[in-house]
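Everything below concerns the one structure shown next.
By written order: A, B, C, D, E and F. Residues from 1 in each chain.
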């Protein structure tokens, strides 16, 4: 099985992502980035700038025989449109993380790297229909870029806010609200092991869900995502 | 006051829209279309194709001193991104229609020109947070293009489905689920006058709401629609 | 267009309301009060005392050719009954404010002059079907009468609670929970301009919505508000 | 224990209600009607006409030592205001019926005597916070007055609609949507015994609930129903 | 009328419960415990251990002519299965308490003896369909066993948390989240009388509701609780 | 990875289940049944009879080194209690199927083998928090046992009801409401391929989800499922 992780931001040259630990031996994971898009996705506008390249990269992946595509962003950019055009499953990181979280406990809280995107965690929960399981959003006040600096102090911010989510808000599961938080997931999980509160990292969750859906021989519903009719389009 | 009605489809040359009847004497309404986009908007993909031109046309309108922008489509394409970038109010036709409908009665049903976009009426109601007031969706099985042909028989289809919505589904208000249905609104309203069930036409509703919000000196919340930060973007 | 602002409290002699700023040049706004009713509306009982005079004043306004009636109270007293008896639109201040707020942001908080009416803000949000957008209610602990004294200190209380709503509760829009707060709306908006959080003043919102609905040629649904049958009634 | 059943319509001379079967031996049930009000309650306006006499009759009952008041109407007229003014429990027939129904099964359907009041059953379910348990409303098309004529044919209408609610809509409990349906409750229950679907008659439900709440030494919350302050009121 | 209070824990020899105050003179209340079960019910596992003995004791009570059974535990253990097998009403303490609370005010908060069962109060509210009325859960950090020691200090903990529920969370009604809190109910009610916030004790609430439902001649719906078919079962 | 499929019914000797197609090459699936339990699970009572053997079989599997347990029943029997006692993931077939369905489309309908268990499909959707995505339940009127007879005619019943769900109810995804329907899943999927509506078979869905959750290194939250304390228990 071949999965493509499509990151909805501009390609960063010279950087290779760590191999995922959450796949079966027969799964091969490839990575792709955008040629047209934004440096990071922190707004709807950032989504829009890369939205047509997302579609293009998705169509190319399908032609090349990939079995499924994972959108490597908690905000699930371009998700409905990609599903309209593609037959293979397209799984968003935020959508997958919240569904996995929903199966592990009665509620979840999201750790959000924000600001600036202080509104998006609620919107993602609403868009995937799981708002009623959202206990709280805890803000790290870092921004996506801030996530790539100063490992230990960022980890400590995460631990601090995760503990507040658990102890003050009553969170039963913690969801990381940005796939850029992936490098912290393992250390954070270790630190919180005694609380018995699972930490869900969205990219891994989406890769695992994509694998499941491929093995089940399923894909998204054409009733929800009808194939766009041919018509005049100028882009 | 100057309002711009921005239609999220390719400019159709040689066509002038009828002047709206629902504005105050001091309101001037202009119309704009896309240079890059799709012929009609019946899918998320159609939205994506024109999404950056929507932003551009919006920014230009703001510079030219327009007081508000109305998105002339029930599906509210590009709405969140335009609000991020613009300071003047941006009002979507679907969003405005459902809020007006919500103030006129206990529930509403939507007349949907579909197929093909059999899923969108529910999605618009969910996106604007008024799903609990949606009594039913009634499908005309025409498609957006079908709406421009054969006036009397289309009107009869609308009357037939509107009556089913009222009598079988218990609809208290009827919302037209496409701004392309505008030419039928008046005749449909006349036909149904005896039922006392209001017919809400979404473009008119959005123009009226835009006017109201401008007069109130209001615009969208920056907490919901934060201004995108400067960053590298390639489109 | 002629709008009547009907204030559901006893007429206060010698007081003239300031002309509204939110209307088109062709709109004339008149004011009316009750001859039978309570001094202020802070309970259902206060509503009941004036409820039949509300109906009477409404019927008289319709006979005199008014195009719509605005109920000048956040609690929307007598709203369903007036709609049953009148054909012209009747718009409640609380209902209009929450719908406008719902279009400006993802959620709203209400500034409530309470006590004593500590329960009503939630009830208004529930009654108009927008409870899911209510982020919090912040109480000024003044009472309606307290609102008319000591301008600067009341303004400071409002600013303080509005900031708590924004910073602690995550409010995206602030709704003033009493039309008696109108004199503070402008100053409060100025103070909070840097937050980008709109302040919705309910009387202005209702006047603007009434104007919109009249221009759209709409009124409330007879399916939701059937005309009462003739029968024996002793009052 | 002394309970007062207060019927929110004009007193009908020469008519004595049948003694209720659902009370304990130590409970005495009295009946009272309005001197100012409407002949039947089929609209908000009908409620308004008698609303102050409801308050007056309630206050008098409390002074006379009644332990609780039951409002004999499915629409729960004057309920919040009576609770504001009275210390003894005030129980509405619609509210009690839906809560009892909610404890007997997963959902309920309402048999509504309508027209004309085709909107009220939904509104009552929403007002008491049990809309999510409402499976359907089935209309008898009789009107309240129609209920007092032609016993067998009305009973057959009820059986027919109750069976449709059970078989077509999947109703698990049937609630009679008008206390005027009381004379049919027993026969209807017998007819439907084989289905195992309970029939809840609202007046009996409210009398039983009132008795329970009195025995528990409870009454409504002052936080939900604060006592109205003294002020100038002219009625 | 004969009611059986069935406590879903192992029989404690030599202990006689105080006679309930909330029943009519013609009601006789008996008590029964389990021979197979757990010492206390603080987990689903504790429920499972006694679940078949609950059924057995229920069937025996029905044979002996009891009119209804009250499950003496806020968690409503074995409730759906007992209803499947029995024809007489079976009322759970948690379910009854939340429905009574729902009729007394706009919302309620639960006082939970937890830990360890920090998740159950939310789950009970969700299971009975009243989550939207749950304002907050306040934890006493005692455990069920802790409730039987040190009367005054436990009472003070309850008062402290009840006041926080009222003043910080805005609770309108307080529900005791364990029938083991019964000995504190009266003193707690006295202490909070000035707030006008009712205290609902779940065992009393369930006894009163059971009495009501018996007097109404009602029982649970067979559509919700179908009688199990005969089949091979080994236990 | 070793997964145990635990079927909550009495062992049927001489029957070997077909090997699942939906697992990775490194996954080994074993099957276990109950020694104490019911022949089929069609009621809460059937669940209760086997509930302690479920726990025992689960504990034994954990000791034997299984990585996760799948409960082979759409009704998710014993799920919360097993999670309390076990550290390895426990996944219910109904819960997994509805979460997978939720990711594939805007809504789903359930094909229910019922009667007799006409109420359970709604209850499962409510229990897992996805009621708002349930479009309809379509009943086959077979019962669980009926599923094992007469292949072609049962398949035709399924096709017929699935098409009604799609065409009349507007279902976007079809979920099989019993793991006993597994033999029909492939043929049904083929038949409905042209509609683009996915068919979710619950046992396969649960096996795939269990595999995912094991690979992610996750398990259920101890905040939602606290480990039961030691105490006296007699079973």
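Quick note on the criterion: a contact is a pair of C-beta atoms (placed from the backbone, for glycine too) under 8 Å apart; a residue touches a chain by one contact, two chains touch by 3 or more.
If you're wondering where the values come from, they're calculated on a predicted model, not measured in any experiment.
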Where chain D and chain F overlap in contact partners, by chain label: B, E
Chain whose Cα centroid lies at the greatest distance from that of chain B: E
Fraction-based call for chain C against chain B, same above half, different below: same
For chain B paired with chain E, centre-to-centre distance based on mean C-alpha positions, whole Å: 51
Interchain centroid distance [CA atoms averaged], chain B/chain F, Å: 43
Chain centre separation (chain A, chain F; CA means) in Å: 27
Distance between chain centroids, defined by C-alpha means - chain E, chain F (Å): 31
Residues of chain A touching at least two other chains: 106-107, 118-119, 170, 172, 223-225
Touch-based graph of the chains, sorted into line, ring, star, complete or other: other
Touching pairs among all chains present in the structure: A-B, A-C, A-E, A-F, B-C, B-D, B-F, C-D, C-E, D-E, D-F, E-F
Residue ranges of chain D in contact with chain C within the complex: 10, 35-40, 42-49, 51-52, 55, 78, 80-81, 84-85, 115-119, 223-226, 228-229, 231-235
Contacting residues of chain F [partner chain A, same complex]: 21-27, 91, 95-96, 99-100, 102-107, 128-130, 132-133, 166, 170-173, 189, 195-198, 200-201, 204-205, 208-209, 211-213, 215-225
Touching residues on chain C, where the partner in the complex is chain E: 118-119, 122-123, 137
Touching residues on chain C, where the partner in the complex is chain A: 106-107, 170, 172
